[in-house]
Amino acid sequence: MSYITINNVWKEYGDQVVLERINNTVEEGEFITIVGASGCGKTTFLKMLLGTEAPTRGLITVAGEALRYEPDSERGIVFQRYSVFPHMTVLQNVVAAKEFEKSKLLARLFGTAKQQATEEAMAMIKAVGLSHAVDKYPHELSGGMQQRLAIAQALIKKPRILLLDEPFGALDPGIRADMHLLVQDLWRRYKLTIFMITHDLKEGFYLGTRLWVFDKDRLDPQAPGAFGARITYDVPAGEVDPNAGNIIEEDVQATAAALKQSNSDQSQPELDGATP
Amino acid sequence: MSYITINNVWKEYGDQVVLERINNTVEEGEFITIVGASGCGKTTFLKMLLGTEAPTRGLITVAGEALRYEPDSERGIVFQRYSVFPHMTVLQNVVAAKEFEKSKLLARLFGTAKQQATEEAMAMIKAVGLSHAVDKYPHELSGGMQQRLAIAQALIKKPRILLLDEPFGALDPGIRADMHLLVQDLWRRYKLTIFMITHDLKEGFYLGTRLWVFDKDRLDPQAPGAFGARITYDVPAGEVDPNAGNIIEEDVQATAAALKQSNSDQSQPELDGATP
Amino acid sequence: MKKLINQHPTKPFRWLLGVIPFLILLLFYVGASNARLAENPNDKLLPAFSSFTDAMQRMAFEPSKRSGEYVFWQDTASSLERLGIGVGISALIALTIGVMNGVIPFVRANLSPLVTAISLVPPMAILPVLFIVFGLGELSKIVLIAIGITPFLIRDMQQRALEIPAEQIIKAQTLGANTWQIIVRVVLPQVMPRLIASVRLSLGSAWLFLIAAEAIAATDGLGYRIFLVRRYLSMDVILPYVLWITLLAFAIDYLLRVLSKRLYPWFHSQTPEGA
Amino acid sequence: MKKLINQHPTKPFRWLLGVIPFLILLLFYVGASNARLAENPNDKLLPAFSSFTDAMQRMAFEPSKRSGEYVFWQDTASSLERLGIGVGISALIALTIGVMNGVIPFVRANLSPLVTAISLVPPMAILPVLFIVFGLGELSKIVLIAIGITPFLIRDMQQRALEIPAEQIIKAQTLGANTWQIIVRVVLPQVMPRLIASVRLSLGSAWLFLIAAEAIAATDGLGYRIFLVRRYLSMDVILPYVLWITLLAFAIDYLLRVLSKRLYPWFHSQTPEGA
Amino acid sequence: AKDSFKICWSIYVGWMPWDYGAQKGIVKKWADKYDIDIEVVQINDYVESINQYTAGQYDGCSMTNMDALTIPAAGGVDSTALIVGDFSNGNDGVVLKGKKDLKDIKGQTVNLVELSVSHYLLARGLESVGMTEKDVKVINTSDADMVAAYTTDDVTAVVTWNPLLSEIEAMPNSTKVFDSGKIPGEIIDLLVVNTETLKANPDFGKALVGAWYEIMSTMSADSAAGKAAREFMGKASGTDLAGYEAQLASTKMFYTPAEAVTFTNSAQLKTTMKYVAEFSFKHGLLGEGAPDAGFIGIETPSGVFGSDSNIKLRFDPSYMKMAADGKL
């Protein structure tokens, strides 16, 4: 049986169908990159994997068990922003996970327990290349460094699944390249199963082992919310016909144009991160 | 004599030299794209053209006269964000320029004067493709539509120089392509002189008639602020050896890495838009 | 079981949960009141509910023997008028000075320290001076409200005006606007919804100062009435008046919120909570 | 000439501009005071500066004939103690309830409406009830301060807790944190600097309530002294006391700001104005 | 234009007639008679009303003899007691909770308005049982909150005036152990006017006195009109007819000008003012520069107490005399 199975999953907000009939399986250790027009439901899909949203129909199983609809330490996440704790230094941000685990009441460690956690955290910080900044606060770090920290933080729990929602969207192209190397390295080293959303098709092809394109294959211009997006392409990445990229790009842009139209006709779309 | 001459211009903040020895001339109707590592002084340069910052040394002249160090209606600007007035509808945003011009006291027009201004504004709104949204507020528009509006707003004053500071940096790649067409079209139609900063080298090559690269050609790793950036490449754009792009990219990334290092060693750099 | 942090009550249950504390308070009052009244039937401190209705019947629906007025409504009208004028004037002053302070560096340098200093003076401490300078008529009540809340409002307006992105101010200049035009077309309209928000915040203090002023010099008003009957410990009048003031405060706050949402939709789309 | 909006005064000139209004006020006072004293040398309303120094000399540096205490310092100590305890307790309550309200939806549904209602009740109007419940001693003064500012602080804390990006809360859960751990490690520490900011905002009200409480029943304190000497219009004592309160208010505000900047550098880097 | 004057008053049993006179047009009638304007203003806060008068905002104000000495007179405002309206005859009192004798007050904390007539009454009461203020601890308590304060357990002894006094007395387990009936004529309620204003405008004095005694004769009448007047005053002070009459019962009103003139002319007034001045001096109320109790001269018909050269408070019965003689 596959590690993750997605079985006829739908997600609807009221009348609006965001995702429909998603069926797929993922093996352990795959690196799946996800692209798609803005607003087509990529983040929504990731949220379902994370457990902060439940599918309105269908079922997701992980290792044969139904997914828990609550975030837990099985699944790590890195968001585009706000991903690290601003009131903790780099070291504290990473050690925190250990403290949550070992000290249920105070959520703080002391003495040798602390020393051990610190050592482990330092190793992880080294892995993401932040050793020279352990005592800095996030606001003293550049955007790229903050995302490195977010990754270190997620990885110290050794999650089996790592979810990345446009983790490098806010970074400069130069820094982005560094981050690609980092993520690929960590993915291999820790044998993670990664889902990563990106806006950059090139990035999508280059990074993962498999590229998913979310898109609406049916569109009703009168009621843009009537049909949801699906996985319209599911192609192996890394070594692929460059032409495929162009076909996909055209499709995505057509959907993007349609969505843009409908979004500006309705009012503002909801923000992703509504408070819980 | 050239339309714009930049004569040995320096810009320093305290000890930090941001730009040094900038010498160049620009003819009327040129479309100059500017690329460079983050923090190398592109925005600072644009601000000097706009008049919100004065060079610490040297002189900029426009049509033979020294540049006025105060924004005025000669030079239009489109920023990456916050560029339109959130409390005005699309139409009001564009009409405002006319009202500022014709009604010194109330800054509002009535009767036929208003009608005339409205007609002119509607034409401009049509030119940027927002006719269907004239009565919407900016918050009801997508990012791309807001930038279209910002452009319309800038153009209605018929500025001779249009300054664009990463105007499409916050937009989706799909929408970006539309905007490129739009800007090129307007540039030709209104015979503008455009300076446009972009992060995207490809965009820089594709859009303008001339590409400037800002970069530090001297770097002191001990004191990254000791030397300023200069215009290291000044190449005609549109029809160019694709290899040139690669060389430039490598250079820019080297500087970017050095700047990143120095920025994270110091504390946070100043925000661009400090209040006046 | 989900973590507590992820559990959301359903709508009717949420409603019920919200009502419960009020019911408990009510029960608590009835219990304490009954106990005191059992001990001393003339106890005035925690009257039975019948006393409240009696008192309100008398004050709201029977003309006063003394003046022929319906005391309760007269009090309400007077207080609301004072509050309205006081807050209105404060808002106007705050808008003017606050925006000037925010927009023009020279004015800010001139006035900002003074406003800060004044905002730190506790108005209650200088009451005697206020009354002597402004007399004891309606003016002094309005002035007390104004002195109490204007410095806060000015500082807030100044802050808000300063928060308008510099890009907009520059943009307006490139569109040919002069300083005055920037003030009336760019800054003022954007600061208006923020003024409403600040006024909502300061209404609590405004009520406080109104009541204090009415206690010192007035012949009607909600604060005056409470002051007058306080010496007889007529809780049967005081408590309904307090409840009424609370309701009025709530209603005004609600109206301002709705007004602001209607007038400035663009503002409320920026602030998710509609602060 | 640049537009007014683009003209910035140089530093010394800015300083001068800031001082001018104070000088004008001072001159104005001296003029009015001299005029009144010329008419009636015993006039108490606007005493000469020498009277201020005399009065302060007497109150601050000579032991009182009646009690042997240095009245001024005794008053200051008592008031600051009450203010400190009152504000401290309010902050503690606000932190607890506000954070709970912000983080746990069930608690919020339960308590949020009650807090809103209480925040609308003017505390001065229910003074009699307060006395009866809390007595007339130090407790009631502290309680008045607490009742006056706690609802505001709670609402603010709730708001601030709700403003913590959902991403952080989710992140904490993926790191294995339970509800309690999220509260103590993620929400509480981030809300602390905001608590200081809210306390700074509410200190004005706290002083107001302190003075009101001391005016009602006390044997010492800055508010007590002001209201006592008000009986015979001793402006020579009242005005220096008001000035002193203003200075204290400024000093406390300043200390809190500095404290917050030192303790929570990460917070102040987010808010440019250091609000 | 007509000369116009302003007087202020605050809510107290002996001063409610001013409200009645203003509302019913009696003051206006008398002002018209002398071709002047008189505005009668209610100020809820008693101390504030005196302060306003002292600061020169009003030409006259209702106050007690002690406050007339310690506030306007001590503040250098030469003041004349134009009308001696009444003296407190039980309207001020000391109430103990659980104890029945004034002597039991020893060691207790006493809640009262510090430096007011209550304070004076306490001092006189303590004197009468051979104690001084040192034997008790005084807590300044605002009059508006006195009743609520008394219901708390902390408060065991209060000194206050009506209507608060009767509210407190009516509470269970409370005894009035001393009242102003034991020191009759020492706590006097006056209408005080600025001496200079009065000298320059005798008509102002005449109109006020004339109006006052017309109100007096109305309210003292045993008729329906008298009852209506008393009810009116009761309502305005927040109580009813019965409540107001109870307060009147402990007040020695001088309903006729003759009574008032006799009282003012008596030698006792000078003695009373001497007590008051001594008390005030002891509590520092005569100003820091005052070397002794006689620093401020008080002129009474039977002679001057204190400094002849610094007379700031004058009891002048001449206007009341005119009323008594029917010359107004």
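As written, the chains take the letters A, B, C, D and E, and residue 1 is the first residue of each chain.
Here is the rule we go by: a residue touches a chain if its C-beta (ideal position, glycine included) is under 8 Å from a C-beta of that chain, and two chains touch if they have at least 3 such contacts.
Note that this is a predicted model, so its numbers are computed, not measured.
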Partner chains that subunit A and subunit B have in common: C, D
Per Cα centroids, the chain farthest from subunit B: E
Top chain pair, ranked by number of contacting C-beta pairs: C-D
Intercentroid distance (Cα basis), subunit C paired with subunit A, Å: 47
Mean-CA-position distance for subunit D and subunit C (Å): 18
Distance from the mean Cα position of subunit E to that of subunit C, given in whole angstrom: 37
Two or more partner chains touched - positions in subunit C: 3, 5, 45, 105, 128, 132, 162, 169, 173, 178, 230, 233, 269
Per-residue overlap in subunit A, given as positions that touch at least 2 other chains: 70, 139-140, 267-268, 274, 276
Touching two or more other chains - residues of subunit E: 51, 55, 145, 147-148, 151
List of subunit E residues in touch with subunit C within their complex: 8, 11, 41-45, 48, 51-52, 55, 57, 143-148, 151, 163-164, 167, 170, 172, 231-232, 235-239, 243
Parts of subunit D lying in touch with subunit C, wherever the complex brings them together: 3-5, 7-9, 13-14, 17-22, 25, 45, 103-106, 109-114, 117, 119-126, 128-129, 132, 152, 159, 162, 169, 173, 178-179, 182, 204-205, 207-208, 211-212, 215, 223, 226, 230, 233, 235, 238, 241-242, 245-246, 249-250, 253, 273, 275
For the subunit A and subunit D complex, residues of the former touching the latter: 50, 52, 70-73, 75-77, 79, 81-88, 96-97, 99-101, 104-108, 137-140, 150, 153-154, 157, 159, 273-276
Touch list for subunit B against partner subunit D, complex: 69-70, 267-268, 271, 276
Subunit A-facing residues of subunit D, complex: 105, 162-163, 165-178, 180-181, 184-186, 189-190, 264-267, 269-270
